[in-house]
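Quick heads-up: structures coming right below.
Two complexes are shown next, each including subunit A; its partner changes from subunit B in the first to subunit C in the second.
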Partner chain A sequence: MLELSHVHKVYRVGAFGGGRLRAVRDVSLTVKPGEVVSLIGESGSGKSTIGKMVLGLFRPSSGSITFEGTDITTIRGHAARKEYYRRVQGVFQDPFSCFNPIFKADRVFEMVRTSYFPRTPAKEWHGKVLDALATVRLDPGNVLNKYPHQLSGGQLQRLLIARALLLDIKLLVADEIISMLDASTRIDVLNLLSDLKERGLGILFVTHDLSLGNYVSDKSVILRKGAIAEMGPTARVFDNPLHPYSRHLLSCVPQLHRTWAEVDAELAANPPEDVVLPTAPDEESAPLIEAEEGHFVGIDQG
Partner chain B sequence: MTNVSGAPGTAEKAGTPEPAGERRGSETLHFARRNPKLLIGLGIVLAFLLLGIIGPFFVDHDPNQYVGPRSQPPNGEYWLGTTTFGQDIWAQFVYGVRSTFLIGTFGGGVAFLIGTTVGFVAGYKGGIVDEILNMLTNVVLVLPALVVLIVAIAYLDVRGLFIQGVFIGLTTWPWAARAVRSQALSLATRDYVDLARLSGRRTWKIITTEIAPNMSSYLVMSFILLFGGAVLTAAGLDFIGLGPSNGVSLGLMLESAVAWSALQLGMWWWFIPPGLGITIIVGSLYILNVGLDEVFNPKLREL
Partner chain C sequence: MTLRVNDLKVYYQTLRGDVHALDGVSFDLADGEIMGLAGESGCGKTTLGKSLIRLDSRMRHVGGTVELDGKDVPIGDDEAMVPLRYHEISLIPQYAMSALNPTRKIGRMVNELLRARGIRFADVSEEFNRRLELVGLDTDVLNRFPIELSGGMKQRVVMVISTLLNPSLLIADEVTSALDVSTQRSVAESLVEFRDREYVKSMVFVTHDISLVYQMADTIMVMYAGRIAEKAPASTIINSPRHPYTQMLIGALPEVGSTTVQGRLEGIPGTPPGLLNPPTGCRFKDRCPLAFSKCSEQPPLVEIEPGHWAACWKTG
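Now for the complex of A and B:
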């Protein structure tokens, strides 16, 4: 359904645009219907940039992003773009900045209605909104007709998810949508995502939290400095991490019954067998090696 | 947190949906009616506007005509007295208020239209569009506006208020464009602008419904400053004899008061009304602006 092929994103930085910042380097991945793919990586690893490129908010410097057979960088004109957003929607990282502060928060629903369902009667639409709110477990009385600064981050975040559900979407780009939620609502949203998955929705789940990635996703992509370090089915990536960076990342997850010293000692005692990492022929590309079926490892960036 | 999962009470609340637009409008009105700054500012501006519109209809002679005795202080017949030549200052004043509003509206309006359009497009689009528009803005900004105005207007045979306003507008827009651009530049990167894009909104609609309302008081402020600037520039042009031919304005009144030594002769009724008129009009526009800011920005309201 969604296919990224050798996508690069390079920013010009500095006063005269002389410097270059490589945000995304040679990323190729696919998202199938009913599949949750998590993009895991530290801050600045390019995961949000990939999300925004999929949403068409940034243009990739090179490479192609194909959604259901069309390269989205070739989408021209307002009508075509609008049709794309009927099928692909996103929820952003910071719910506080997603709402225009001078309007009521529920205006995000009204915007979807005026753009996509102008003929739906108000009453029917209100019913749809209430359904969507019930799906994200929000009490309409608490959130409708309120200004964004009167609502909590979790409420705003769930309003945004409800908004995306109003459209009959095929792909959801969820950029750190859990980070702002407290623990009790977090699991609700995670379960909601798996419900959506059952309905055949493809989800690109951007996160920095390994355990969340493990919980929801079918496929995990670990990013480092814009390039893929390791990619494969979640179970394999987490049970048998091959790339040194993923091993390091996994060993950093705090464990309830063991101290870090014990983890380090165990890792040193029986070091995992090394795999041959691919080497990049130049600064640009980042080739992958298929270590086992569907499980890829990327270049070592030190 | 009042919100817990499970969403009880969904059904009861569903029964009272209200049309969003109507509700928002009445709410703005609710706060507007309770804001003294807005009411005072608006009241004074409207009073002057009304004076400028209606006043001239009650004057049955030309404001520059010599109608009465010379150098009379204010009295029952000539409310604001007369000039050295016996012109009725009240008549000049009401006509002057009218042309002050006209020049402010034309001059400020033209500058505002050009300035905001350039500023919004440059700030929102960014990149090469921004570079080009910014260069244009800077070029016009460093032109000595008054000199250009003097040269341009001096070559015109017919000088009316409208032409004067358009020329003032064409030379004073750059700083408004820069101010709007810098605001638009920061607002255009907000997530809600991205969200509006994801909601299938067009560029101009995003600019007018997402970005512009967030700086509405800023825009009103710009317009007020451009309005005041146009009034002052016009007064400056009037002063060097490039005002509207055969017209009356508060600037021309001040100019002739100074030219005929009203200050030295103690004819306060000649120069105080136009000076005070300009000051009060621009000052109350400022108060109006502060009031509007409080009404439009929910964060400044008392909750």
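Now for the complex of A and C:
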């Protein structure tokens, strides 16, 4: 459904745009319908840049992003872009700043109606809104007709997901959607994502938190300095990390029932086998090697 | 006994009335103890951290006492607190990254800071450099502006500055929340190292991340809606929590290795109560699956086994 092929993004940096920063380096990946793909990385790994390029907010410097057969960089003009956003929507990190505090929070639904479904009668539309709210498990009485400050972060975030659902979308880009939420409501939003997956939605889940990526996703992509370090089925990546960087990351994640010392001792007792990492022929490419079926490792960047 | 807090009440003044952010909090902190303070946003954990060092203009000390090393800490009296701050009680603020003055080089800023506290930089510079090296920084950072350092480096600089005078009590407020996982680990481990070397006598580590606090704290205190829900050694809180709130909170945390396929985790339904007019009785009762008639009375914080305190009628 969504396919990224050798995507690069180079930013101009410095006072006069003289410097170059390669934020995304030779990234290729696919998202199928009904699949959750986690993009996991530390700050500066390019994970959000990839999400924004998929949403058409930035253009890739080279490479192609195809969605259902169309290269999205060739989409020009207001009408065509609007059609694209009917099928692809994003939800972002901070639900509090996504709403205009002057208006009621449910205005976002009305805006979807005026721009996409102007001919739908009000009554029918209201039914659709109630359906979408039921999907994200919100009680309409609690959230409709309220101002943003009267709602909690988890409620606002679910309103934004409900808004995306009104558009009959095929792909949702979820950029750090739970990092601002409390532990007790976080898991509800994660469970919601897995419900949506069952309805055939493809989800690109951008996160810095390995345990969250692990919980919902079918496929995990670990990014480092813009390039893919490791990519494969989530269970394989987390049970048998092959890239030294992924192993290091996993050993640093605070776990609930094991301390860091125990994890280190375990690693020292049975050191994992080293795998052959691919080498990059130049500064730009980042080849992958398939270490086992569907499980790829990327270049070593020190 | 380093710190003893007894029935502390701190309210925020607003136009609509008092917000009962801390409503009768009592606990002890032993020498060399690192206490993790966990809870959801708005439970009062940051308020507790702040009220031990400085009440801001909206906060009002309503009742209760704080004792540090046997001496009374006059937390309601801003002037009287001045000699204690930095010397006895020190703080690593929530956004340590933006705590550094962007217009000064780090060295000059530290110099000014120490002079304001009546200490000559020359007297402590040797120790300062030694500690910078301990946290893995080059002494060259003193000649740099904050913008030239990464988030983790700034965090470590602030950590060294805050603990330079060997305070009795260090309050670390969400110090690792904005850092990447690998930096988070090294900062957390340096804090433990500081305690082991007795640079700080005891520490209150405020965080919302229970799995992180389990890695470094000796005891964990869980707060809910301005009150203490449970306090116990770290492994007890994680492996055999007794308060229903703690149990549900820990049940809601995904771990590396847990997936939706193996079984879904459940969140806690509902939201914490507003603290403008807090409900009577147990504040968790509306979200609690075990709530019964007695929960309309406030449960006391009782020691159910040595070192394990909980405030729930069902555990007593």
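Methods note: the second predicted complex is superposed on the first by the 298 of 302 C-alpha atoms of A that agree within 3 Å, B and C clash if a C-alpha of one lies under 4 Å from a C-alpha of the other, contacts with A are read in each partner's own complex, and residues count from 1 in each chain.
Basically, contacts are C-beta pairs under 8 Å (C-beta built on N, C-alpha and C of every residue); 3 or more make two chains touch, one makes a residue touch a chain.
Only a predicted model underlies this, so the values are computations on that prediction, with no experimental measurement involved.
S.K.: Mind working out whether A:S97 is in touch with subunit B, subunit C, both or neither, as first, second, both or neither?
M.R.: So A:S97 only meets subunit B here.
S.K.: Taking the superposition on A as described, I'd like to know which of subunit B and subunit C A:I50 touches: first, second, both or neither.
M.R.: Neither: A:I50 stays clear of subunit B and subunit C.
S.K.: Which partner chains sit in contact with A:S184 here, subunit B, subunit C, both or neither? Use first/second/both/neither.
M.R.: both
S.K.: Which partner chains sit in contact with A:L29 here, subunit B, subunit C, both or neither? Use first/second/both/neither.
M.R.: Neither partner.
S.K.: Which partner does A:H257 reach: the first (subunit B), the second (subunit C), both, or neither?
M.R.: Once the two structures are laid over each other on A, A:H257 reaches subunit C alone.
S.K.: Should A:V108 be classified as contacting the first partner (subunit B), the second (subunit C), both, or neither?
M.R.: It touches subunit B, and subunit C stays clear.
S.K.: Give one of first, second, both or neither to describe whether A:L156 is in contact with subunit B, with subunit C, with both, or with none.
M.R.: A:L156: touches no partner chain.
S.K.: Going by the contact rule stated at the top, is it subunit B or subunit C that touches a larger number of residues on subunit A?
M.R.: B
S.K.: Just to be sure I read the superposition right, which of the two partners does A:V37 touch: subunit B = first, subunit C = second, or both, or neither?
M.R.: Once the two structures are laid over each other on A, A:V37 reaches no partner at all.
S.K.: For subunit A, which residues belong to both interfaces, subunit B and subunit C?
M.R.: 152, 184-185, 188.
S.K.: Note which residues of subunit A are touching subunit C in the complex, please.
M.R.: My answer: residues 42-43, 152, 182-188, 190-191, 194, 208, 210-212, 214-216, 234-235, 238, 248-250, 252-257, 259-260.
S.K.: Which part of subunit B faces subunit A closely enough to touch in the complex?
M.R.: 1-3, 5-10, 12-14, 17-20, 23-24, 190-192, 194-202, 210, 213-214, 296-299
S.K.: Spell out the part of subunit C that touches subunit A in their complex, as residue ranges.
M.R.: Touching subunit A: residues 40-41, 151, 180-182, 184-185, 188-189, 208-212, 214-215, 238-239, 248-250, 252-260, 264-268, 271 of subunit C.
S.K.: For the complex, which residues does subunit A have touching subunit B?
M.R.: 52, 55, 57, 78, 81-82, 85-86, 89-90, 92-94, 97-104, 106-108, 110-112, 115-116, 122-123, 126-127, 130, 133-134, 137-145, 147, 149, 152, 154-155, 160, 184-185, 188
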